[in-house]
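In the two complexes below, chain A is the common chain; its partner is chain B in one and chain C in the other.
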Partner chain A sequence: MIQLCSNDDPPVSFTVPRKAVELSKTIKTMLEDLEGFDMEQTPIPLPNVDAPTLELIVKWVEQHQDDPPPVEKPRVEDDDSDDSDADDDQEPEVVIPEWDKKFLPTDDEQKNQLFKLLNAANYLEIKPLLDIGCKYVADKISGQTVEWVRDYLNMENDYTPEEEAKLKEEIAWAEGL
Partner chain B sequence: MAPMAPLNASKTAINPQEKEEKTSYSRSFTSLPVDVLLRVFQWTDSSLPRMKLVCRHFYNIIKEHSQALPMIAIERLSINGFKPQHGLPPNMLYFWIEKVTQDRRFQKKTFLSGHALIVDGQANSDRPKLSELLRHIKITRLLHFHQMALNESLLTELTQPWIDLSDVFMLDFYFVERDASVENGLRQLLAKVNPNILNFAANCRTTPELVADYFPEHMSHPSLPIDPVELNDAHLIWLINQRDYTLKNLTMLSDSTSISIHGIIDFIHCWLRKNPDGFEKMTKLCFGKIASSRQEIHDATDCQHMIDTDLSDEHAAELVSANLRDPTRLLHIVCRYQDV
Partner chain C sequence: MAMPVEDSLDADALMMDLSFSPPKSKNHVLMGGPGCSREIPSSTADLLADLSLVEKEKTFTERYLSEREKLLRTFTNWSEYDQVDFMKQLLQQMCHYQHGQINSFLKPMLQRDFISLLPARGLSHLAESILSYVDAKSLCSCELVCREWRSVVAEGMLWKKLIERKVRTDSLWKGLSDKRGWQQYLFKSKDRLIQPILSTFAPGELPTDVGATEAQHRFYRKLYPDIERDIDTIESNWKCGRHVLQRINCHSENSK
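And now, the complex of A and B:
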């Protein structure tokens, strides 16, 4: 068993099976680097993750610890291969499983928790969790107005009225497609 | 899993202000790195261009990485230089959406086979540049410029690296005013696209021109006008049988006519009987057809299949020229249908 510590004051720790915690590439690498140390007695501090978020992470990895490993593919930004085969380049369709749909904090008042979960999944390199979180947010904001998206994502409009008018002209063709 | 106090709680204590900053930072959606935001954007489908309006951060990411993000497929894009005018041409039935902005009018039409987008007005203006309009579009058939200046500025816009013209079947400049100083720009364009897809107004013979050339008696007698809609299968066969009839490089029957798919098939067979060598090099025929039933769509598909296979396979080699075996399809049928 491995202990994970949140960034709270005082920190909160969770004890997690090693197989489950190794779904995090970050922690798996850390454990491999510290091979030989008694990690069961040494809590691992996670400075970017608070207790409620860590609790969600632990719940998710315990649920998915027996899943087959995901197929490794480079991320969009890193994928600079010139493989011209479009079929190979296409990302597999991400479908959010039923359990995960219930697991994700999807109520509007929980949206900040969802964003914290996405940040934690990214920091801990838990790609399948990051994928379903990104897919959920993408589905949520698709087809919505710009004002709705800003409100949902807690973002300010930082354009001047002139810039905004010019941009609206630029994307006018896409409205309704 | 019940939380428990850590063994080294004192070592991990955090300054409250520092913690607030950290918590605030780690709960923000925009604090996610670019590659994660791109994963979100790649699933927003046709809402992607709208995401650029949310904030500068999104705009910069989407613009910088537009070539790595999915594009929106548009079957046909027409850019018209003339000022926006309201109203649709007669005899055309579409499902369409119209949006009018300060400088342009946008019409989106949806066919069974995909979307068409028509942009009217000030294509050469900088508000916004054409290359920005095209940034998220993948044109799968026809890019058509109509009644505007073909100049260095337009060609520079078309040759921007993020514009994908790889699937364009025909790049058509129709009634464009060609600037004398465009040679360099044309060379750049030719480096980007297959020269066979380029068509200029001088090579174009459209339905009204066909009517004027081959049915002059109708043109000289205003009481007996031949409207394109009256052009029928018999006219096509009559055309073929005229001794002096030649196909120009591009023959477009793009208006609403009474020509049936079977008439087009007969026309092709008659032409091949008359000209065993097949079609002249670079010949392109485009039959625009408003289908009156779903059956016509199926017939059009069969006809296109005949063009793609029967007329271009090895068995028909003695009938057709090598041009028809060119990977670029020389014959093309646009058949549209709206379920009303």
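And now, the complex of A and C:
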């Protein structure tokens, strides 16, 4: 078992099976580098993760600890793609599993918790969690107006009216989609 | 390396001064080279403890502690540029497994700094991952959200990726990409495509301040609706009977 500590004062600590914790590439690498030290006895501080977010992370990794590891990029089977230096990453379609749909903080008032969770998944390099989270946000903003997206993601319009008008003109074709 | 000569001399003199034994071996510097682990058995473990994220009881030698103070004071008085050079010199004196330890210590530090710079509740650094899942219409809206997102879409070549995704998943797109020739602009690296793409623009069509990435961005953003229009035309031609049936002689089994 490994102990993880949140960045709160005082820190809140969670005890998690090593197998689950290793879904985080950041922590897995750290544990491997510290091979030979008794990491069961040493809590790992996570300076970017607060307790509510860490609790979610722990829930998620415990749920998914027995998932088959993601397949290392299979070589493209299409016979026509002979470009070895193609920079496209052939990501398989991301599907959010039922359990995860219920797990993600998806109410609008929980929006900030969702963003904190994604930031933490990014910092801890938990790619499957990051993928489903990003997919969720992508679905959420799809088909919405520009104003809605700005408001949802707490972003500000920093275009000048001229720039905005010009850009709108460039993408006017999208209106018909 | 472009740097003032005095600084390099200073650094050398300092490192000599701090060696654990007469400076005959280059490894005997402040942070302990491979030789140190033999002569001062505890130093490797101490080093590791120091490098881990965890506070541990330290058992450094008195001598090291007093010399470290002195060195750190000298170090903080240098310019940032000089400090970086000094660290380079230090790192070059160390062996591979030490580099590994430093790496594991440095990595979370870099991530930490990166994250702390972000707006606490924002997701802007995840923008590329998020925007790689949206459809064309939403991608257009996202370009309008703010400058940063527009540059994420451009730098991330997200229009190209969207078209590639369509070609991979939609047989009509796949067939057209072969037939209409725009497949040559897909599934290849940015660097290999820049010349062919630039040559599709008429002279003077691109403003002079437009860089290579922006040019490619504009190319793919324009290609997308062209393909959509092409598909619409084909579908309506088919539905309205404006097509010509042709007999094709087939020899292969699987194309029957």
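As a working rule, the second predicted complex is superposed on the first by the 158 of 177 C-alpha atoms of A that agree within 3 Å, B and C clash if a C-alpha of one lies under 4 Å from a C-alpha of the other, contacts with A are read in each partner's own complex, and residues count from 1 in each chain.
The criterion applied here is as follows: contacts are C-beta pairs under 8 Å (C-beta built on N, C-alpha and C of every residue); 3 or more make two chains touch, one makes a residue touch a chain.
The structure displayed is predicted, hence computed values, not measured ones.
Novice: Clash or fit: chain B and chain C on chain A?
Specialist: Overlaying the two structures gives a clash between chain B and chain C.
Novice: A:96 contacts which: chain B (first), chain C (second), both, neither?
Specialist: neither
Novice: Which partner chains sit in contact with A:29 here, chain B, chain C, both or neither? Use first/second/both/neither.
Specialist: second
Novice: After lining up the shared chain so the two structures overlap, which partner does A:7 touch, if you call chain B first and chain C second: first, second, both or neither?
Specialist: first
Novice: What is the contact status of A:166 with respect to chain B (first) and chain C (second): first, second, both, or neither?
Specialist: In the superposition, A:166 contacts chain B only.
Novice: In the overlaid three-chain picture, which partner chain does A:154 touch, first (chain B) or second (chain C), both, or neither?
Specialist: both
Novice: Let me test your reading of the model: by the given contact rule, A:37 touches which partner, first (chain B), second (chain C), both or neither?
Specialist: The second partner, chain C, only.
Novice: With both structures superposed, pick whichever of chain B and chain C touches the larger number of chain A residues.
Specialist: The partner that reaches more residues of chain A in the superposed model: B.
Novice: Who does A:119 touch here: chain B (first), chain C (second), both, or neither?
Specialist: Both partners, chain B and chain C.
Novice: Touching A:48, do we find chain B (first), chain C (second), both, or neither?
Specialist: Both: A:48 reaches chain B and chain C.
Novice: Tell me which of 39-47, 93-101, 219-227 or 273-281 in chain B produces the clash with chain C after alignment on chain A.
Specialist: The answer is stretch 39-47.
Novice: Considering only the contact definition stated at the top, list the common interface residues of chain A for chain B and chain C.
Specialist: 42-43, 45, 47-48, 94, 112, 115-116, 118-119, 122-123, 130-131, 134-135, 137-139, 141-144, 146, 149-150, 153-159, 164, 167-168, 170-171, 173-174, 177
Novice: Spell out the part of chain A that touches chain B in their complex, as residue ranges.
Specialist: So the residues of chain A touching chain B come out as 3, 5, 7-16, 41-43, 45, 47-51, 55, 58-59, 62, 75-79, 91, 94, 112-113, 115-116, 118-120, 122-123, 130-131, 134-135, 137-139, 141-144, 146, 149-150, 153-159, 164-177.
Novice: Would you tell me which residues of chain A are touching chain C in their complex?
Specialist: 26, 29-30, 33-34, 37, 42-45, 47-48, 81, 83, 85-88, 90, 93-94, 112, 115-116, 118-119, 122-123, 130-131, 134-135, 137-139, 141-146, 149-150, 153-159, 164, 167-168, 170-171, 173-174, 177
Novice: Which stretch or stretches of chain B touch chain A in the complex?
Specialist: Within the complex, chain B contacts chain A at residues 1, 3-9, 11-14, 16, 19, 22-23, 26-36, 38-56, 59, 65, 68-69, 72, 97, 99, 101-104, 106, 108, 115, 117, 119, 127-128, 132-133, 136-137.
Novice: Touching chain A in the complex: which residues of chain C?
Specialist: 48, 52-54, 56, 100-101, 104, 107-108, 111-112, 115-116, 118-119, 121-126, 129-138, 140-150, 161, 164, 168-169, 187-190, 192, 221, 225, 228
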